[in-house]
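One structure is given below, encoded as structure tokens.
Chain naming follows the written order as A, B, C, D and E, and within any one chain the residues start at number 1.
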Amino acid sequence: MTDPGSARAGSHFDEQNRSVEDAEDVGSDKDLPGGVTEEPVIVDVADVEPELADPAVVAERVAPTRAIDTAVGADLLEMRDVTMRFGGLVALDSVSFSIRRGEILGLIGPNGAGKTTCFNAMTGVYRPSDGQVVFDGEPLGKLKRNQITRRGIARTFQNIRLFSEMTALENVVVGTDARHRTSVPGATFRTPRHRREEHDAIERAMALLEFVGVGARATEKARNLPYGDQRRLEIARALATEPKLLCLDEPAAGFNPAEKAALMDLIRKIRADGYTVLLIEHDMRLVMGVTDRIVVLEFGKKIAEGQPAEIRENPAVIAAYLGVPDDATA
Amino acid sequence: MHRRSMRAALVLVAAATLTLAACGDKSAGGSGSGSESSSAATSGASGSSSSSAAPAGGDLAINPLVQIDIDGNEVEASTGTDAVSPAGDGSATCDGVSVAMAGALTGPNAALGLNILYGMQTALKEHNDANANCQVEIKQFDTEGDPQKATQVAPQIVSDASVIGLLGPAFSGETKATGTIFSQAGLLSLTASATNPDLTANGWTNFFRGLANDAVQGPAVAKYLTGSAGFSTVCVVKDNSDYGVGLAETITEGLGDAADPSCAADVKTGDKDFSATVQLIAGAEPDAIFYAGYYAEAAPFVAQLREGGVEAAFVSADGTNDPQFVDQAGSAAEGAYLSCPCGPAPEEFAATYESEHGQVPGVYSVEGYDLMTIILSGIDSGITDRAGLVEYVKNYQGQGLAREYQWDDNGELSSSLIWMYEVG
Amino acid sequence: MSSLLSVGALADGSWLAVPAISFNIEALGDRFWSLTIEGLAYGSIYALVAVGYTLVYGVLRLINFAHSEIFMLGMFGQYAVLMLLGFSPSGNAYAEGAVMTIVYLGIAMIGGMLISGGAAVGLERVAYRPLRKRNAPSLVFLITAIGASFVIQEFVHFVLPALTDGELGGVNAQQPIRLVEQKEQFTIFGASVTNVTLIIIGSALVLALATDMFVNRTKFGRGIRAVAQDPTTATLMGISRERIIMLTFLIGGVLAGAAALLYTLRVPNGIIYSGGFILGIKAFCAAVLGGIGNLRGALLGGLILGVMENYGQILFGTAWRDVVAFALLILILMFRPTGILGETLGRARA
Amino acid sequence: MSTPVKQTSATPLGRPHAGVGDRFRLWWNAQSRPAQWAFGVPFILFIALVPILNIPVLTTVGTNFGAVMAQFGMIALIAIGLNVVVGQAGLLDLGYVGFYAVGAYTVALLTSPDSPWNQTGEGNWLSQDWAWLAVLPVAVCITAISGLLLGSPTLRLRGDYLAIVTLGFGEIVRLLADNLGEITGGGRGLSQVAYPQLGQTEANPGGLFSAGNVAGRINSGVWWFWLSLVLIMVVLLFVGNLERSRVGRAWVAIREDEDAAEIMGVPTFKFKLWAFTIGAAIGGLSGALYAGQVQFVTPTNFNVINSVLFLCAVVLGGQGNKLGVILGAFIIVYLPNFFLGRTDLFGIPINGNEIANYRYLFFGLALMVLMIFRPQGLLPARQKLLTYGRQLYVAARRTAKRQHGDAGTGDQHGTTGAEEVSR
Amino acid sequence: MPLLEIKDMTVGYGRIEALHGISLSVESGELVTLIGANGAGKTTTMRAISGVRPLTRGSIMFDGQDITRMKAHLRVLAGIVQAPEGRGVFPGMTVQENLDMGHYARKFANKAEYQATLDHVFELFPRLKERRAQMGGTMSGGEQQMVAIGRALMARPRLLLLDEPSMGLAPMIIQQIFRIVSEINATGTTILLVEQNAQQALSRSDRAYILETGEVVKSGPGPELLADPAIKEAYLGVA
């Protein structure tokens, strides 16, 4: 059984191959016959950069270096009546909410409620059919996806989409590249700026890997990393773009409780470092435990917004998301 | 379940095939113009170079018609009976001398190269059989007709100390690319088929052409067409090869006003469908069509011309002068005029050639034989070095099977004559 | 109008000679209908071959680069059948009467279809199935297809003559066996319509309709579409993907075989080992033009390509025919990045 | 749209052996720069000397080995350029020969006396002595521009559509060369193209690079090979610099997952265009070499088959691996020449020309077999994408060594997230 | 003997294991639910049962027959039919064609049997009858889900696998779908259901398995699990 879309290694035959179910097959080309599978290599980070042994140094390096205009608590991103239609299907129906700087906002709702669509609208994957996404005071409008990332929105993917043939470190460095300016001429002739940026990139990338806890696997190919490390690596890669807003799409999917707890710590640590976080998650314990506020979507509409405690009690949310016994509506 | 139906279909077809095959051989019915009486195949360029399939197109063959000079006037053909024999007097002595042959021996252009090579081998056999003390060797070098490959082959030829003369290269393109190499090495480069006129204008003192070039063939044929044949409008069609482009240019120039520019057309080597060109020509209603190119395109072209209702005479040159042309075009080839700087093969030579190589002589086989004979006679005269051989050829004068050979200062034949053949 | 290409005047001191291409619009106008009919005939051959590319692409996302060789084998197949029937190669057309001619043509076509269909299925088995088992990336499929293309061509070039005592294959084109002599039947708008054109367009139309019906109406056709649209779900419905793939190759091959006969009617001298290559590329262009993976797109693309390049070669000169074809392809893809009809056979989901 | 994804942290199934190549790579990476030079320079010197060492069996019989190596040098350049496009950026280009043609024709048009645009000779600005060298950068620039022109409208297309459009472009270039006869000479080609004028002597009036230089073992082919070797090294240096930079990482990211790359802030279109342009420029460079060496260009040398062969060189050698594609180029060029004119092989008498006839049959079979058993090519890609990554690789190797020394701690993968996060 | 019995099933994607040896069984006539978070391995389980994913270890028995190595399309003939996650409606086919895909592998004895089956499906989903000629791709999520289930029923399954039928549907439609699922089960079709909507699923199923990170962590009768506080907290978000 071959899914054509799983042919990643030389994927000249691109996106249209990739269908929803193929996402599950990301790893299926791993064991090409004759392919050399590399030995897992553990790098002692302290061996490469001794100062990274100190968590404070790590946190400092990871922290965003740019000044952020918005004051803590002010609106960083605003969804203004965003509607999204695909053919006849209305995926988002006039959704409005805002994310405030410095908070962890949870976005929840049943599968297919429009959370990911919402995400895609924010990161420029889709353009809203109606309404506006305003980020840091500016509407995203017709910005390209890479420009939006440079404006300061970064995301992870529900189905891990790492650059699987690159090492963990290289993956993160691709993220840092978003902030760098050398292009082909600089790189070809190794100008001083290029060297400086490369130095910075590696330094920061190592710190980021250490920060999310994948430092020891820096030189291993992303596809060879254990699942949990891949998830954390995605977060590191997104953080590498120095976002003002970090969007996490179901980062705990497939985690066991211990891993979930560690992830909660990590999310808090990220916020403490100066980032704003938007979290889409199914796991209620995690969402309730880590978020400051929660927005609930259902069937493309916002049905509730508030603090975790309020949401937990909200009857509409209970009905829609947590499910009601048959007799309740019958 | 489709497997079963497929099997059924197979059985059905097999049965049908058997039944129909039993009905016996079909014969080609007369199409339009009935084929005329047979004529003996004694033509120079006659014979199949590769296929042993049944002779086609009725009994059509390419027969020599007339020999003409650059003005299109008829010239008495030399009889060829007094031709110099490669055997010499049988008393030659030499040692470790070899002659190189460079041309396409593999690939799509191999047929031409092999014609020359086989002609050379026929001459060599006669020589070596007669001269026990002078066993000359032919060294084959395959250029595939590709200029870059030729530049790789040429140094190999030059650096082989035993090679004192070269017959080739076969095509004009590769000759252009390698001319300097041979000229610098002072190695005799005697071509039996490269007809681009520019080749002798490079100041190479080692280069000799064993046949008339396109600058002769073009005007000669053109004058013949407007003169003896009496055509007043001619459409010149050319392919995109070096050869076709060059030939078309000289023909058009020679035809002067007779060349109708409105139906001058280009085709590509490899094309098999010429309907647009046929329509263009049908609209122009010319007396004749001159095609500058090779038989692989000429055959379908002439067939489609006839089907398209164009009855004008079809004229082409040495590239088309191949039995394959007649085989593939069938009755449509009938009456076509084919010029060639190559001479017809005398019967005796043709018989020897066929017995040795399993096929009748093709275009330039005779030239291969004649030119090899010249080199061998040089070797027999005691020449063992390259410079000597160049000098020998420069001063050579003698009769060959095809014509008399004598060269001017540029390396062109002193008297360049063209043969006209007719398919009939 | 006189010279199709003229060099811009090399004025004194100006070193840059600029080529100017002139248009022969007059000729296009004069012969518009005959060009259209001729183009349609040619286009229907492209269309039939294009179906093979498009179906395989729709189901496997694979450019079957060797499909042109399948077509070429079809030409030899029908030729061999004619020889078995007792015809010997000749430049002249056989006069057998209309009924018998049609019978012979039918048998020859079936012969070509069998050879091509069989070769296509064999190719799939030998070359592609092992790769699918190994989950190879698409470029690997492409390179394998190129390798297979070389092998088939060289087989006909060198091995086949040895096997058939020089009757088939080799460096030269086969001497034609011509069953139909081209004759004008009637005229439309002053354009003559020949029997060959009629046979080509007629057969192609029947085959195209039959294929369209097969894919859109029958159970097997539904299977093909299902695998193209969603292979995983198709498997869950109890469809054997392997069998569908085989069927797809078979249909493509069979149509290529039919196209091979039609092509040799039109171009009797085209039966040569290298004779499939350019036509294959054109047919692939046609498939992409219509929207690769889309059956009707391939048919439409073939016709458009045939007609447009026929106009183009009159407009700009015969030497520009292929340039017109490729330029048209590039232009259309600029404005419709997935071809004229898009990829409906394939996964049309967002 | 929600899809469950791969399951939780699992232990890698066993630990396979690292191949010889990987061991070599690890070892190589661990060497200091001077040590690398100490090994590398003699090796390159050896390669450079191969055509004049006259190694039995290796040296071709029917063709001149030096000239074959010269062609290898050109195709190797092509392969490196195409590797940037196909191997690194993952853009399938079936019309790469078009760029080769543009490069060759630029040189020919500007320096051949047959061309109406000839700039050499009396009263023109190109001096005969420097013509080739002066035109070389022009050819590279023009080819780069042609890459840009082709790329900017077409790179929005994806996958197969890009493939067929590039194929069309390659054919259009060849057909233009063929049809614009007044300028390009059409099928007659352009002859007497300029070449580097160096080392003219009495015996060698054309200089070292003239086709006429066939005296001795060091003939013009060898000189051209050396020249292309130098150019290959320069190009490798630049391409290597690019690979180990933001640009190379962007290419690999685009190849792996274009959308993810875009979302990570990679201007994908811009970098795809760069890949195309750089690839084109390298192809043009090779074309300029070709024009200079053969001194004669005709359209037939630039047909689709050659495009396909170039692609084969890349895939055969191992796309994404620079040394691999050079090896692929060697195989593509060398094998057809190997049998030509050979009458015996290891003492066994053979008819080389007869075998050479079947070269494409064998070539096709070899391609099919290789793709089935080694789809990643002879030398699979192991790109390094970081400029200052060396210390890391060294550190990794140190730890790896330590691990091997102490088997007990070797199996610490699959540690839980909690442990690692808290470390 | 259970209709479906899975023993120690391990499924991996390359080097990463998705299921670490799960065992479960479904008795004839039962409605069994598999509950788990995203990424817990539910869909992988379903795919393995349908034969789309090969097992690296373990076995699957169906109706006493070992089908571990049986090809996917033969399992459909044996009676295992799935309405896949994300519905898998063929977008370029009409509703009728989609339904007909359901009995692709299976032959009906006669036209009447086919008609009866079709009528049964239309009875369950009257809406599909109205929309027979509509293209699958243009339908709403709920309608697509109906097509998916109806299509599976056309194969007359002995074991119906439903993968997240409630995904992305409005509550009212979810209710409707679940009601129909119960109805189908009531007419004698054994059902293995995968759900995230634990409340609905557990309350309707005979038994349930809780799947976490590729392992079965708990199992028992549906209502019993619904009352389990740990389950409540983890899957219902209610402490």
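Simple rule for what comes next: a residue touches a chain if its C-beta (ideal position, glycine included) is under 8 Å from a C-beta of that chain, and two chains touch if they have at least 3 such contacts.
Model, not experiment: these values are computed from the prediction.
Trainee: In the chain contact graph, what is the shortest path length, in steps, from subunit B to subunit D?
Mentor: Between subunit B and subunit D, the shortest chain-hopping route counts 1.
Trainee: Report the chain whose mean Cα position is at the greatest distance from that of subunit C.
Mentor: A
Trainee: Average the CA atoms of each chain to get its centre, and name the chain whose centre is farthest from that of subunit B.
Mentor: E
Trainee: Please tell me whether C-E or C-D has the greater number of C-beta pairs in contact.
Mentor: C-D
Trainee: Rounded to a whole Å, what is the gap between the Cα centroids of subunit A and subunit D?
Mentor: The answer is 37 Å.
Trainee: Nearest whole angstrom, what separates the Cα centre of subunit D from the Cα centre of subunit E?
Mentor: Centre-to-centre distance between subunit D and subunit E: 52 Å.
Trainee: From the mean C-alpha coordinate of subunit B to that of subunit E, what's the distance rounded to whole Å?
Mentor: 75
Trainee: Can you compute the centre-to-centre distance for subunit B and subunit C, using the mean CA position of each chain? Integer Å is fine.
Mentor: The answer is 34 Å.
Trainee: Which subunit E residues touch at least two other chains?
Mentor: Subunit E, residues with two or more chain partners: 13, 15-16, 38-40, 43-44, 52, 72, 84-86, 137, 167-168, 213.
Trainee: Residues touching two or more other chains, restricted to subunit A: which are they?
Mentor: Each of 1, 8-13, 16, 20-21, 24, 26-29, 32-33, 37, 87, 111-112, 158, 224, 226-227, 250, 253-256 in subunit A touches at least two other chains.
Trainee: In subunit C, which residues are in touch with two or more of the other chains?
Mentor: Touching at least two other chains: 134, 136-137, 139-140, 230, 232, 235, 317, 319, 322, 347, 349.
Trainee: What does subunit B use to touch subunit C in their complex?
Mentor: 2, 9-10, 13, 16-17, 20-21, 23-32, 35, 49-54, 56-58, 60, 108, 110-111, 240, 261-262, 265-268, 270, 272-277, 279-280, 296, 299-300, 303, 307-308, 324, 326-333
Trainee: Show which residues of subunit B lie in contact with subunit D when the two form their complex.
Mentor: 105-106, 140-142, 146-149, 151-156, 158-159, 173, 176-178, 180-181, 183-185, 196, 198, 239-246, 266, 268
Trainee: Any idea which subunit C residues touch subunit B in the complex?
Mentor: 1-3, 27, 31, 34-35, 38, 42, 81, 84-96, 104, 107, 110-111, 114, 165-167, 170-173, 175-176, 178, 181-182, 220, 247, 250, 266-270, 272, 274-275, 278, 310, 313-314, 317-319, 321-322
Trainee: Which stretch or stretches of subunit E touch subunit A in the complex?
Mentor: The touching residues are 13-16, 37-40, 43-44, 52, 72, 84-86, 137-138, 140-141, 164, 166-172, 175, 178-179, 196-200, 203-204, 212-213, 233-234, 236-238.
Trainee: Considering only the defined contacts, which subunit D positions touch subunit A in the complex?
Mentor: Interface residues on the subunit D side: 1-12, 15-16, 18-19, 21-22, 86, 90-92, 158-160, 163, 238, 241-242, 245-250, 252-253, 255-268, 270, 274, 278, 319, 373-376, 380-381, 385-389, 391-393, 395-400, 403, 412-414, 416-418, 420-423.
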